[in-house]
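First the structure, in the form of structure tokens, and then the observations on it.
Letters are used for the chains, namely A, B, C and D, taken in the order the chains are written, and counting of residues starts over at 1 for each.
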């Protein structure tokens, strides 16, 4: 009983801080929120029933003089009931879960914007494909102090690519597809506001897409916090400064995004040598 | 009570010595040593050849004919140090486990200090940890080392070795009616390999560059490259070598447990009459024997990657400005290998607690466990499913979505046998006559925690939700409740329940009740709020959250959690005090069967000697849960079935 | 050994006896082998996984085509077939030793144990030669536009795809993981063969000293035999994974 | 109890076959299977690059099946598992079924990594599918220099 009151109190106190009241900042995240609520409802009911029964039985059937335990070794009907009922509820959850899972991990829509995200100890870098909409090839063996992503400038597609540190700009309402790389250890692009997450693995590119549905500016108004920013948190232990591996996402309107993109310089200018030499 | 109950006897080692010294009197020319019944001392004379055979069997394993004398002149060394008696080995595992638990718990208190009070300094930390806490503030490197060691120590050294090492060793021979383990010698080796692993792991705490700090899951490349983290230099090699020793220990133990349960049961102890504890320990051992080798393979490959320049787990890496030549390996492959062990491992931790709680709940409810066969079946189902679901720890590693969906399906299937178990426990309590011994309290606490932690597993097993919740505090809360605290509750229940059998004394009840209430309330206060942090997406394994606008609103909550964790830790020290105090000063046990339980261990003398039963091993005539049957309070397993006894 | 002597309606699981009619030692050996099968399984499955994750893999017929004293003759699969037959043959002698043990024939056990040990040593010798040959070999590889001479090691793999270079086909570097897995897995198998030889030597000595005659049975030989056959069994799969496909 | 039991848990003395003919028969079966495997291996070697993919794959699967047959003979006859009672056979064979999912899931994911690498996380078309010679990406880079 005390436990339940405690749980309810706790809920009052912290619900406000869980990001739920803010709503999800992505279209896909809203579905995850919905599923989360359904799961919480189902498990919540089970939780209350079983815990109440557990403590009630413990209280009611304490040892008393003259009380005799009831010999009740098994009952097939009862056992079948509580095998099938959970199985049915779980099937419902699995069906919902997998429907969203396939949608979210499926191919990104054709019109999505591609951004390459690269993690290394302990920062995030981003690369936009530029006007040709194709990312230039990379080869980690070409990495130098200046060309720190190891872009292969022999590939013409790389010449108009745009390379940005720490802060990623994306437009609202358009699917964004991230191609995720890591240069050293496993990192993880954690997007708590968008309800998304994907590991960055050295040697195996991964991918994740989502559709932001609210701009940073609107979110500042909604939360009443002028300092608000969407953050990228590294969610996979990656070394001593893991806790400080922070990236920022600025969601803006399409016009703002296009304007911002036009102001950025392409990678060729950033890199003085086009063919760095490297030996194995 | 029952007429054929053995009277309280003062039979201990001396009687056994007497018995066994007679055995080699006849020199055998061919075949296994056959001991004619005539040469047994009078009280042991028996027409029951099988139990005589099993009796001599026990010491045959320990020593051959020629070494027989040596075996039974026990010195301090052979009795307490290199003991081959399963009960002594169990106590060795338990005490080593308790020492590790104190160390591992202390680590968590230290890093909770950093999390709860990120802006404060604690000068005494510098005295304790030296340069790792210069100026009284923990360094991030050491914070991660503490987190890693906390996980490793508690998962492997406390809740695997300390839990199933203790209770499998102690209970298997006693409850199935065997003189000892199938191979007492390998059993002893199992403990000493564990001891060796402990020494190596402990020594890694003191190396210059610090112990392993890549998390207890030691994902490469972080754990493979010294450049990536100072904990991945010598500390990681020591971690891997220590784990290899640990795996050997757990294999030797597990093989012994399985063989003993299969081959050494006393007459009449069919598999369906085994106490649930034994079933749980049996499947625990099966899980260990089949999954630990896979971790061994992973650890060997990782050692090669670290020291020989191979590319099993490394590919396309630029680190500290250096381009590594490794290509074609896969960092995710290690995670597959790790979790092929790692997932069964959580059941290796949990199943013994389940088994012991079932047993204790039934004994103290004075009622048969509800649905014995369903309980066995669900443990079996859990054990099989445990092998099939490992990749649900890897939903966000770029796992193929279709492969992922199979894992979702298999994972959520586990909820069905778990639900069966929960409902069966509840029904066992229904219309019972419950005695609130400390063991019973902890067993009920186990059920409560198992429900709470199990339900959150449904969230995490569903891959779409895992996208949001993976690697957040939700996960931390989930597994701490369900496999950490719940297993600890099972372990405490077991210790409180079987302490009289282990040491012939009771633990102090007042201290036990204080221990219980602080621990259960404290555990909920620590881990319940963590779910909220997790729902907010707050990542685990962060040294400091103050720089994050998304997570810094939980600073007050973190302080609260840290504060409670210190209280709970103090309560555990109370238990440790109670434990060691009661070994020497506790109230003495004066009756053979203090809990009125049915299982065979209570038919031995109060302090059984080497060989467990001074006379012949009792024959078993019924299942372990005939409580409240036919108006009798309880009917021990060795009581023959009466003529007018009802079938059920 | 036939089991006709055993009544069919025995209640095997009722306790007081082994449900398998086998001693604890033999049961334990079987379960140990099962757990060891998972160690080897994990190695071989890792190897398969990595092989599935790259576009090109070394062609075994090209890598393993040498034979001792045959110079540069191209003899794919020949040497490894010899190794396979050596191991199968030593398995046969082992099972014959077990057979003699059942008949309590000490001389027979000794004879076949010696043959088994010789087979094991011959296999280890072959493996040593093969390793040396691979590590010290020099194969022309096109690296960064220049021809280099490489042996096969855990960090170098000269067995990549072929390209045309100055009018002739040359190899390019292949996936590095090949060497690691080859030396890792055959090495681990070789380690098992080696420990098997040691176990068999101990058994031979114990047989000579008459321990088993005193004990009245040769079950230890049977257990050592289980281990030895397991080593052969693993080789069957190593042979499949590295040399045949 | 008969006197030649090796251990007290054994309640019936196993009868041992007297002849060695079965052992030698197994030896010849194993040798024959190995020779067939080698033959198929040489078939793949001589026809290298000329066979359709499906035929190469099915030959390899056939070799794998032959290997399983060899394993069966070794375990069943040399290791005498076939002579043990059914209980024991089942406890050994059933856990090995775990290997099915173990192998399937691992290889499945390995293949998924290949696709991710070849398409750079799905951001470019997979060239290896159209090229005649499948090449390792690392080699691909080197060859171009």
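Here is the rule we use: a residue touches a chain if its C-beta (ideal position, glycine included) is under 8 Å from a C-beta of that chain, and two chains touch if they have at least 3 such contacts.
In this text, all values refer to a predicted model and were calculated from it rather than measured experimentally.
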item	value
Any chain in contact with chain A as well as chain C	B, D
Of A-B and B-C, whichever chain pair has more C-beta contact pairs	A-B
Averaged-CA centre spacing for the pair chain D and chain B, given as whole angstrom	36
Intercentroid distance (Cα basis), chain D paired with chain A, Å	40
Numbers and ranges of chain B residues touching at least 2 other chains	30-32, 50, 54, 263-264, 290, 325, 327-330, 332-333, 336, 340, 398
Residues of chain D touching at least two other chains	4, 6-7, 9, 95, 102, 106, 109-110, 113, 116-117, 136, 138, 142
For chain C, residues that touch 2 or more chains besides their own	13, 17-20, 22-25, 27, 34, 41, 46, 49-50, 53-54, 143-144, 173, 175, 216-217
In the complex, chain C residues that touch chain B	11, 13-20, 22-25, 27-28, 31-32, 34-36, 38-39, 41-43, 46, 49-50, 53-54, 154-155, 175-177, 179-181, 184, 188, 216-217
Complex interface listing, chain A residues touching chain D	107-108, 114, 116, 134-135, 139, 141, 152, 154, 177, 179-181, 203-207, 280
Interface residues, chain D side, partner chain B - complex	1, 3-9, 95, 98, 101-102, 105-106, 108-110, 112-113, 116, 136, 138
Residues of chain B defined as touching chain A within the complex	139-141, 144, 213-215, 219-222, 225, 228-230, 314-319, 321, 323, 325, 327-332, 365-374, 396-398, 401, 404-405, 408-409, 412-413, 415-416, 419-420, 422-427, 429-436, 444, 447-448, 451-452, 455-456, 458-459, 462-465, 467-468, 470-472, 524-525, 528-529, 532, 535-539, 541-545, 547-551, 553-554, 557, 625, 627-631, 648
Chain A residues within the chain B interface of the complex	3, 6-7, 10, 14-15, 17-20, 29, 31-32, 35-36, 39, 43, 46-47, 50-51, 53-55, 57-58, 61-64, 67-75, 78-79, 82-83, 86-87, 90, 93-94, 97-98, 100-102, 104-106, 120-121, 140-141, 143, 145, 150, 183-186, 188, 190, 192-193, 195-199, 201-204, 206-207, 225, 227-229, 231, 233-244, 246, 278, 280
